[in-house]
Amino acid sequence: MALETGKEKQISRRISLTGLVNLANNGIVPLTLIFCWWYLSSSEIFPPILMPPLTKIWSAFTKNLTNGLLAKDLISSLSIVLQGYIGGSLLGLTAGILMGIFPRVKRLFDPVLNGLRQIPPLAWIPLLILWFGIGDASKVILIITGSFFPVLLNTVNGITGVPQGLLEFAKLYKIKKRDILLRIYLPGALSSIFVGLRLGASTAWMSIVAAEMIAATAGVGYRINDARNLMQSDVVIVYMILIGCIGGIMDFVIKAIARYVLKWQRA
Amino acid sequence: MALETGKEKQISRRISLTGLVNLANNGIVPLTLIFCWWYLSSSEIFPPILMPPLTKIWSAFTKNLTNGLLAKDLISSLSIVLQGYIGGSLLGLTAGILMGIFPRVKRLFDPVLNGLRQIPPLAWIPLLILWFGIGDASKVILIITGSFFPVLLNTVNGITGVPQGLLEFAKLYKIKKRDILLRIYLPGALSSIFVGLRLGASTAWMSIVAAEMIAATAGVGYRINDARNLMQSDVVIVYMILIGCIGGIMDFVIKAIARYVLKWQRA
Amino acid sequence: MGFDLHINALSKSFWVGSESIPVLDNITLDIKEGEFVSIVGHSGCGKSTLLKIIAGLVEYSAGTVLCGGQDLRESDVHRGMIFQDHRLLPWLTVAENIGFGLYGLAEQEKQGRIREHIELVGLKGFEKAYPHQLSGGMAQRTAIARAFVHKPDILLLDEPFGALDALTRIQMQDEVLKIWEQQKTTMILVTHDIDEAIYLGDRVVINTNRPASIKKIFTVDLARPRERTGHYFSLLKAQIMQEFFDSKKRDPEYYL
Amino acid sequence: MGFDLHINALSKSFWVGSESIPVLDNITLDIKEGEFVSIVGHSGCGKSTLLKIIAGLVEYSAGTVLCGGQDLRESDVHRGMIFQDHRLLPWLTVAENIGFGLYGLAEQEKQGRIREHIELVGLKGFEKAYPHQLSGGMAQRTAIARAFVHKPDILLLDEPFGALDALTRIQMQDEVLKIWEQQKTTMILVTHDIDEAIYLGDRVVINTNRPASIKKIFTVDLARPRERTGHYFSLLKAQIMQEFFDSKKRDPEYYL
Amino acid sequence: AGKSSPTGAGEAAKVVRIGYVDSGKSFPNDALAIAIDKGFLKAELDKAGYQLEAIPFTGAGPAINEAIAGSSIDMASSGDVPVTIAKSNGVDTVLVAAEVGFNDAALVVPKDAGVTSIQALKGKKVATLKGSYMHKSLADMLTANNLTINDIEFVNMTSQDAAAAIISKTVDAAVLSAVQEAQIVKSGHGVILLSGADNPEWKGSHGIIARSAYAQANKEAVTAVVSALIQAGEYAKANSQEAITILEKSGYPLEALALLFPDQKIDFNVVAGDAAKKAFAGVANFLFANELIRDKPDLDQWIDSSYYQEASKAIKK
């Protein structure tokens, strides 16, 4: 437990030594993993064609970087993922708020949504192609269905967790609906909502592979599929890492926003 | 707002009229959906090969039911899903508790986990085959990776949301570690954890399609893939509904457990 | 418009486990517009429940509660309440909490009123603090300010000064009186401090133990400002004390 | 083993926004084992913070706090505290809350002790109620029972009776005295009730406004049981009141 | 979005949307590749007044079938098995041409497993994708060696996963498509036990299909496509070296192309009529025998050689 006095706090902020330590800490597990991979792949315990050595992964990376493929795939997927994710999150948030506040709405839609939620994205593809064609619409909708549910469930949980006492206060003081929503329900549900947003983002990324099975010509999901086809496991791994990193960055951004919005908790 | 006196409460419990109303309510949305499907498919606005009429779906269902395929697929998948789900949930719970309680552990594993979380299940298949073969192990592990993360994130959120005041009390009164965990952290985190468990269950179901791409001979994921390859969209839809229902039942069970465990909230 | 309160044969019970616990039993009480009524009673007897029913936050099973002749649940009279637990919004600062729900004012006027009320409860300098950064008494004072700033027609005060030291408490009592006199607010105060009940109230209602029914009502025939050490005051206090402490004998199963 | 408390030049400040607010300023106070010390001070002056520091729950920046000669933070003395907010576990019933953390007893003995303490605070019949089904005073009484049942060596009481009515309060005070006499517990009581401070304490510590430093310590030279209406009692009360109300003049910027 | 143009009737934007199997670089790997690359297709379509929209499908056969059924594309060049499956399930298509027997599949075993004949695989795990042309190849290989599918333990896996399984030696054999086959052999993890090189009848074909409604309303477009494919086939035969360079654009590695076209002899075998009928009868029989389809399609009704004849006539002129 660190001393929490003014001086110490300021000093540690300035030189940010803890920041450095944190950074080192952050690095330990990734470095261990990389080391394991290096060891396993270079000792050829596993066939390099499935577990390519780091050098091969690196050269696949630089190659795809320099020939612009990486950028192209990334931009193409990011655009779809972001559209779907934003759509899915907004829908999930709206539905979650409605279902959290009005038990009737929840009772009405719960059974169907809880059933739909289980269905794998791949199974939707035929119907999506039928209803929305083979363009981006189908892909975006697939991502939407993926990111919708984590946001929904976490929002409902957050909303229903808002203390009854605060709502009684709001009722008595005739707080406007808008304020009840924006300044009581939302702040109270926020930390749970952000978990939903983070899970939704990763589900969005995971659905991109299924989505880009529908007539894509670029994209990280497309590339993984094709690289698997062509048995270029180094490319597969480059793209796995890429998805991991980009997803990780998105996650970091969401967490940063959460920290900012929830700053009253630590104030 | 219902009157909450003894008499009324008892009466409404006995004749359970509200129960009937609820049931009717629950039915409205599914029935509407079924009606829409019936209308769209029978009016042949969409090609029946992709949107088969209800009768065809029904006969595909009865056929697969009578020839035992449905049962076989279900048992085979359920066993894998349950193994993977239980494994993933337990891991997610354990890791979540550790990461929630000890910020250091969180800091150590967060970056890697947040990266890994984003990677689509399909991309893992070659490595899984390499490391764990083509048996059930690979499938179970794929399910584990799917259900692990929703449980993890929600557990961490729940644990960190436990009021500081209660932990201060525990520290002062020298509450045993075991009790701090089981009677302070866990109950406080439970409603969030259950959201994770519910999301984890649906992710488990969603991963079954990817999992059963690995050398399966039965299973709902296998059958969906197979039926899709063979353009038997009626079978695909039967299995979508099946997954929806079984997943819905699992969800119902988890919710029932949650209601029971969290009964103090409504007592 | 008039909004006298008429509580008639009000009863209420709660479920704890499978047992139904009667909390209010046949309460009949009329409170005139602009009156100041103090309510005292033992811990757990049902005082907060009564206030919450008047606030329209808790349903009741038998009896009627009329406000200005209208069923209370439909009544639109502007009520305010200082809750026993302060119920501040954890994510709003002191100033934001106090100003929350203050509609229909120009921003400047609103800020002015907030500032004024922050000063009133002695929280200057803590405008930007969040509730978890406040001491118990400071949180309570924030809640008091929040209730005052709305200028309700009926103000329900549930042990509003319980966490305040003697001096702050006296100051706050005088502020309440000032507001009551200026704004003709109907005030219903639940308190454990018999001194306070007499000092503030036109009448002091003494409840029985759970289920609460009205045991006795004392009228305080003293001009304001009242002298806490005056003769009549002390006499009344002694009577109320007598009535209060007496209940032990009547209800032996209730440990007191 | 002895565990006298030695608080020496203790200071503490909090951050609110970007401002550092000093809360405790150079507090020096020795409390002997088995002593009963009452602390009074204005709302927000730092009383709870002081208790939490003694409880080892809050870090301090300057000074030392020794307990039996050992740094308090390393000390293993069995401390208990009744928090200002009751801090009951919402998911445990009254009985479970009281029995929580009661280790090393046979089940039967444990249940007996729980029952005994439930009766002590007058909550018989509410064993199975959850905290949200309790009234404010009942929750506070549960917290009191929880603190008592542990029989700590040092008991810190932070306005423990604030939500109780006069009668229950007096009963509880006598229970505290009984326990103090039987178990030789060191007790440190924060209260806003000067009567209570005198009735219970060997000494009454009066704090200044924030940042709290010790303004004056009164020794209560009265044999127990004390007569609340006795002459010396009243005299002392008047003196303390004087000291207390006086602070207004010394610290004009603090509204009181 | 995708459901844009109606069934093709009318003057709406005159395009022909052709779906093909993406094997890695969003470029076809059959005669269509040559037809596009050498400009035959554009030339023919220009003449007919159509624009080309070539759409790659990573999801291969199933996705193409769904797109056809949902009218998101008008024509497709896809594997013999999926197009037959679509037809037998009632997707209203016509088979306007076929590229017979150029899709190679090979039975591969792990290198040091010591398996030297298919007989040794009795009771062993053999992986391939159910309901693919590789599945048919496996069935043919077994039949040719007096075995049946029941003599081995069939393991259902995509060709990619099967290759991984061969590498990690978790299966005893696998029937792989050319790309994986080439990779496995090249990397030294496996050896070819049997392949279509010596038994062309084991090889898979491509079907060129069109939605019936589209074909009826846009005869010229369909004819133009078939014509371009015929020209492409002839060109490839004559200029194999260059054709292989073109096919490399599909993502197929040279090794795979070498396996597909031994001795650099390319013959896409773009046909219609009886030759197509023969090939697809085999496919239909296989599918039916293995209960992969419920009804055998009526080949006479399905295969419409008129476009091919029309195209051939025009080319000869």
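Read from first to last, the chains carry the letters A, B, C, D and E; within each, the first residue is number 1.
FYI, contacts are C-beta pairs under 8 Å (C-beta built on N, C-alpha and C of every residue); 3 or more make two chains touch, one makes a residue touch a chain.
Listed by chain with UniProt protein names: A, B = NtrB: nitrate ABC transporter, permease protein; C, D = Aliphatic sulfonates import ATP-binding protein SsuB.
Worth saying up front: this structure is predicted, and the values here are computed from it rather than measured.
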Number of hops, chain A to chain C, where each hop joins two touching chains: 1
More contacts between chains, B-D or A-E: A-E
Distance from the mean Cα position of chain C to that of chain B, given in whole angstrom: 48
Length of the line joining the C-alpha centres of chain D and chain E, rounded to whole Å: 85
Centroid spacing, where centroids are CA-atom means, of chain A and chain B in whole angstrom: 18
Separation of chain C from chain D, taking each centre as the mean of its C-alpha atoms, in whole Å: 27
Touching two or more other chains - residues of chain D: 16-17, 85, 133
Chain E residues counted as touching two or more neighbouring chains: 62, 66, 69-70, 160, 164, 167-168
Junction residues of chain A, two or more chains touched: 46-47, 50, 125-126, 129-131, 225, 228, 267
In the complex, chain B residues that touch chain E: 46-50, 125-126, 129-130, 133-134, 213-217, 222, 226, 228-232
Touching residues (chain side chain E, partner chain A) in the complex: 1-4, 19, 22-26, 55-59, 62-63, 66-67, 69-70, 72-73, 160, 163-164, 167-168, 179-180, 183-184, 187, 189, 251, 253
Residue ranges of chain E in contact with chain B within the complex: 61-62, 65-66, 69-71, 82, 85-86, 89-91, 127, 130-132, 154-158, 160-161, 164-165, 167-168, 170-171, 292-293
Touching residues (chain side chain A, partner chain C) in the complex: 165-166, 168-176, 179, 183-184, 187-188, 264-265, 267
Chain C residues touching chain D - in the complex, by the definition given at the top: 14, 16-17, 40-44, 46-48, 84-85, 119, 122, 124, 126, 128-129, 133-138, 140-141, 159, 162-169, 171, 192-194, 241, 244-245, 247-248, 254-256
